[in-house]
Amino acid sequence: QARDVVVFAAASLKNALDDAAAAWSRESGRKAVISYAGSNVLAKQIEAGAPADVFFSADLDWMKYAISRNLIRPGTRLDLLGNDLVLIAPKGSAVQVSLRPDLDLASVLAGGRLAMGHVDAVPAGKYGKAGLEKLGAWNGIKDRIAQTENVRAALLLVSHGEAPLGIVYKTDAVSEPNVRIVGIFPEGTHPPIVYPVAITQDSMHPDAAPLLEFLRSAKARPFFEKQGFKVLNTADSGS
Amino acid sequence: MTDWLSPEEWTAVRLSLKVALVATSASLLPGIAMAYALERGRFWGRQALDVLVHLPLVLPPVVVGYALLLGFGRRGPMGSLLAEQFGVVLSFRWTGAALACAIMGFPLLVRAIRLSLETVDRKLEDAAGTLGAHPAWVFFVVTLPLILPGIIAGMVLSFAKAMGEFGATITFVSNIPGETQTIPSAIYTFTQVPGGEGGALRLAFVSVAISIAALWMSEWMARRVRRRFLA
Amino acid sequence: MTDWLSPEEWTAVRLSLKVALVATSASLLPGIAMAYALERGRFWGRQALDVLVHLPLVLPPVVVGYALLLGFGRRGPMGSLLAEQFGVVLSFRWTGAALACAIMGFPLLVRAIRLSLETVDRKLEDAAGTLGAHPAWVFFVVTLPLILPGIIAGMVLSFAKAMGEFGATITFVSNIPGETQTIPSAIYTFTQVPGGEGGALRLAFVSVAISIAALWMSEWMARRVRRRFLA
Amino acid sequence: MDGTARQTEVPRLMILDVDLRHRQGAFTLDARFQSEGRLTALFGPSGSGKTTLVNAIGGLLRPTQGRICVKERVLVDTRQGIFVPKHRRRIGYVFQEARLFPHLNVRQNLHFGRWFTPKRERVADFHAVTELLGIAHLLDRWPSTLSGGEKQRVAIGRALLSDPQLLLMDEPLASLDEERKAEIYPYIDRLRDEGDVPMVLVSHSVPEIARLATSIVVLNDGRVTASGLASDILRHPRFFPQAGLVEAGALVEARVLRHEEAYGLTVLQAAAGTLTVSRLNLPVGAPVRMRLRARDIILSLAPPEGISALNVLPGTVVAIEEVEGSGVDVTLACGSDSIVASVTRKSMERLGIKVGLPVQAIVKSVAFDRDALGTVHAKNM
Amino acid sequence: MDGTARQTEVPRLMILDVDLRHRQGAFTLDARFQSEGRLTALFGPSGSGKTTLVNAIGGLLRPTQGRICVKERVLVDTRQGIFVPKHRRRIGYVFQEARLFPHLNVRQNLHFGRWFTPKRERVADFHAVTELLGIAHLLDRWPSTLSGGEKQRVAIGRALLSDPQLLLMDEPLASLDEERKAEIYPYIDRLRDEGDVPMVLVSHSVPEIARLATSIVVLNDGRVTASGLASDILRHPRFFPQAGLVEAGALVEARVLRHEEAYGLTVLQAAAGTLTVSRLNLPVGAPVRMRLRARDIILSLAPPEGISALNVLPGTVVAIEEVEGSGVDVTLACGSDSIVASVTRKSMERLGIKVGLPVQAIVKSVAFDRDALGTVHAKNM
């Protein structure tokens, strides 16, 4: 097999997946080529016949989209990673918010804007909107939201003080020294944040299954956890 | 007709038009000045300026947006200066979107004007000089009218670019419906959700329609200009 | 120097260069032909063609990328035709990235050439005709040399655009290292993860450096051309 | 060359046959004329349509209506839908403004027409032409660095070197000095007579036209007001109002009789008598053509004595015409030649000049119009 | 105007004082001359540096080295670092190529200079100038639709209407017909003499220079080979080699003595004697200037009889000069005027002409060079 196995992965996975893939390469002597982009783009590309062997999405919707179009080899899907949604503020900010029902974010914002991923388009945005709705804060601030193209941009707005508050993944927040986590959205306030991975229908690459196997193994776990992901589904725990 | 687009989409269309028009007209004078300086100037740092003008073209839009955020954001040096001295706030405002679009279209505007400026017959400027016109007047009465085709072409490019600009805008001023959500932002949103193609297509259609109108207007103007003196 | 960028980043740099060069040179002839047709042609559908050429500028790059994906993807009508008839596969290949960049830069190239074409003195073409030159020869021996400044300017814009193009490229051919990961795509990837700013900045720097070189080369060529006949 | 066959043909061949209407803005060109002259001069005030007419012949504009034939070849016939495109007309056009190619140096400009001329038809000698025009030292220069006259000379060279079958020249010599013109005229003569290249020349200079033209077409406000052989048109000021009285005159053809080497003089034999002129570098027997300007001729009742003028032609008054102002035109028959003298009415009355009176026409030898002393080659006679 | 004060000043004022070196490419202009003439003609073959010199005066180029003064005002002095920019020189420049503004119509082109002229200095009459130049019907046209000569006339009008303090004209009349020129000349005369606008005129036409110039500067290959008063320079072919033998002659000044209305003639009184010419529209006593061309004069030993020429001036041979070819130049003293006649050596020997011999100079009345019959206004005498 001349060609390396091709992984289409959500861009937010880059650091962790690069490290894990490198480890796999060292172990197996094989190489993985990873194309990072938005999950939506990747799904559409696979639909258009992209030479992807593995699809690693940042949310469930686009995985479901791919499955519904028969782009995924049945039985290979695995909800590998999880993440938490957090409310952040710039490092120097003194705001105190507790993420409980009847949350009043509007007064905390004090005319500023809440930065988050696009509430319809970006997974983190969708989760954030659900969380805010659940906590009863949505209606009060829905006109005060600065929606970004991706979650990293929301982080950027907060870290540069453009927005006094933002909603991002925990993985993003912990690695950014210029922001402070104000609170973590409790489980159940939003649909579970899941990063599903699967082998594509068209893939005939012999390395695809071993790679997936490696990613769910304990050997890969530290790379994900180092970036703040929760590993939901490893070979040891079974599923 | 009106229900063909949602009210929010209409808002995006109106906003996009406003942003594109303001971006284009606001960059016109600096564009002419810059083109003139780059084409005729013999000053130190001309080359560096030339590179600077081209940067928005060379860099991915997101990077430009990021740079704008650093410079013109609330905490950025320019941003805070503008806010304190003139009360002008760009971040999260449509004005910021206009700035982003203006900057992204600037290299196109400047290039087109330079290209026209290159072909201006310097002998005509000399002739105006012997007739008593001060160099500044020569510029306004001779050079400027002669580069009108370039200016029109540059404005069309800049306007079209502003209608399509997305990366720098959303990074700099994010996507706030009614304030900074332009057509491209709205289209982007549609492309991000499964089944959003229809909405994206509708908006793209509107965008194209507006640009066709702009193109035709520019061609009409250009023809008027040209008919006169290249008959 | 070499360890300043990772091997993968070097690959992206090389690829970007290749893509930009191929995109620019491949669009040159169609660009000249298109500019000529739009400027001089009097055929049915000229206006529509004009709009079509401007589309990549007006539409968000992502939309262009989608359109390419639909049209030139493996399953798209053009894509399958090309693959079956000529064995040319564009999707998810660097050639596809070049196509995307070419298309995004096309309106800039065409506009610059048109602008030059507008100012060509038709009387010189007439003179060449009386000297026995067939219209095709007139084009090659008179018109083409006279629009060289516009062609150079257009190529610079197209090249710079290709160096910075991202949205259409990543949407059409994804972001596969070594095959379709250009500098902008790599920068994008860096901006999507914590701690990526350094890498993004390094790559942006390389991109700017390449563009400076291209700019200088073009200015040098333009000066040579101009020195001759506008002395 | 194949002289004998031509000799009888040439006079019958219509070189130019133009009948066209063309509108541009408020101006209408409505020109109809035929010319059998090998060099047709277009003459007329500024804005009278000369350039427009030349453009139509050159194929740079499509006349609204009409027909243009050059040497029996139909170039344009709007009725039949014929329009030969300019690059197939084999025309050398010297434009009123030089129109050099700015991106080519002088050498390349000069060679331009050659690139498109069939190899075996390339006869013009590059070296000779550049020397003649005094542009040999400019070959590596760019047009933008040339002076006005230099540009014009290069433009002439470019047209000549394209080996055209018809040469159109729109005021080609307007910005050249007399010396340079004097060098170029004989070349045009040769081209006209030997090279078999008919020419159309636009010029405001009467001496130039007299020197070069075989036919003249006078344009006025888009209409042809006179056309015909140069000798006919020039003889009379009425046909040639623009020239003014001073330029009227007669064209006289003669042959070289002998040379007086000691004095540097040449004696010519015309039908009217012998004429002495400055030494001509022509063999005995060679034909020449001179213009005797009406204002240069003094009439005398008796053969004059003790005066410096060497030429005295006896003749008889055949016509007297009043012209505007103080003068009259006296036409003399001198042998088979006819000569026009312009004298004041006062002189006429004083001398009692009337039709039938025998008089002497006095012409200074050096008073010949040097410009008009053209060589006429065999084919022309 | 303030005539009396000026009358004594003007002759002393150096109008042009030029001393400059300028290199462009292989060509070096190295010109030094002074001119007190109110119309200085620049004469020289194509490529001799006329346009370059005019450009330097007009401020279009910065000479490598040198000094230019116009009416005692220093425009350029490289030593002192003075360089008055072109828009402050108040110069009207008629370029060799028209250089009309393509984006302005004819009216706007004509008005262009006005926009920058102080209100109280706007004296040129728009109506009069456009009528004179025959461009009144073109005012709403675009330059691209004008004929060559029309463009040139608009360019002249544009320069005149800017009310310049110095007028530079680079072959302004080259592409105009004689009639039009004849209409423009008197205007230039008036401007020169009344309007107090000194002029620099580049021209290849000797009649034109003779007609208009008060001073002449001859350029050759970038160097001044002759300069001085027009009457001095024109008198002798040696100063004026370009003109060729035929154009040599003497300038004679005279006054209107009387009119012979019956014959449409005017009799002039010159120092040499009386001269009869076609009716001039000038009052008795008005000063005029004529050029007697050497080749137009016939010498006679005795007063001739029975000839049509009305003008016979008695004089004495004061000099005989061999010129190239077959001729000699015979200079006569006729009263205080000096006249040059060009005759053949053969005639000279035949008549035995030698210095000191009294002879008669015969000139046909209509043989005056009409172009040279300029009006000279009081200030010039």
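Letters are used for the chains, namely A, B, C, D and E, taken in the order the chains are written, and counting of residues starts over at 1 for each.
FYI, a residue touches a chain if its C-beta (ideal position, glycine included) is under 8 Å from a C-beta of that chain, and two chains touch if they have at least 3 such contacts.
These figures come from a predicted structure and were not determined experimentally.
Colleague: Work out which chains are contact partners of both chain B and chain C.
Modeller: A chain counts here if it touches both chain B and chain C, which gives A.
Colleague: Measuring centre to centre with CA averages, how many angstrom lie between chain A and chain B?
Modeller: 35
Colleague: What's the distance between the Cα centroids of chain B and chain D, rounded to whole Å?
Modeller: Measuring from centre to centre gives 61 Å for this pair.
Colleague: Express in whole angstrom the distance between the two chain centres, defined as the mean CA positions of chain A and chain E.
Modeller: 91
Colleague: I need the residues of chain B touching at least two other chains; which ones are they?
Modeller: Residues 62, 66, 167, 188, 191, 230 of chain B each touch two or more of the other chains.
Colleague: Could you list which residues of chain A touch at least two other chains?
Modeller: Residues of chain A never touch two or more of the other chains.
Colleague: Please set out, as single numbers or ranges, the residues of chain E touching at least two other chains.
Modeller: Expected reply: 145.
Colleague: Which chains are in touch, pair by pair?
Modeller: A-B, A-C, B-C, B-E, C-D, D-E
Colleague: How about chain E: which of its residues touch chain B in the complex?
Modeller: Touching chain B: residues 58-60, 85-87, 89-93, 95, 99, 101-103, 112-113, 115-117, 142-145, 158-159, 162 of chain E.
Colleague: Taking the complex as given, what residues does chain C use to touch chain B?
Modeller: Result: residues 47, 50-51, 54-63, 66, 107-108, 111-112, 114-116, 118-119, 149-150, 153, 156-157, 160-161, 163-164, 166-167, 184, 187-188, 191, 200, 204, 207-208, 211-212, 215-216, 219, 226, 230 of chain C touch chain B.
Colleague: Which of the residues in chain E come into contact with chain D in the complex?
Modeller: Going by the criterion above, the answer is residues 24-25, 44-47, 50-52, 96-97, 134, 141, 145, 147-150, 152-153, 170-171, 174-180, 182, 204, 206, 242-247, 260, 263-265, 276, 278-279, 295-296, 298-302, 304-310, 325-327, 341-348, 351, 353, 362, 364-367, 370.
Colleague: Which part of chain B faces chain A closely enough to touch in the complex?
Modeller: These residues of chain B touch chain A: 62, 66, 69-70, 73-76, 91-92, 167, 170-171, 174-176, 188-194.
Colleague: Which residues of chain C touch chain D in the complex?
Modeller: Going by the criterion above, the answer is residues 123-124, 126-135, 137-138, 141-142, 145-146, 148, 225, 228-231.
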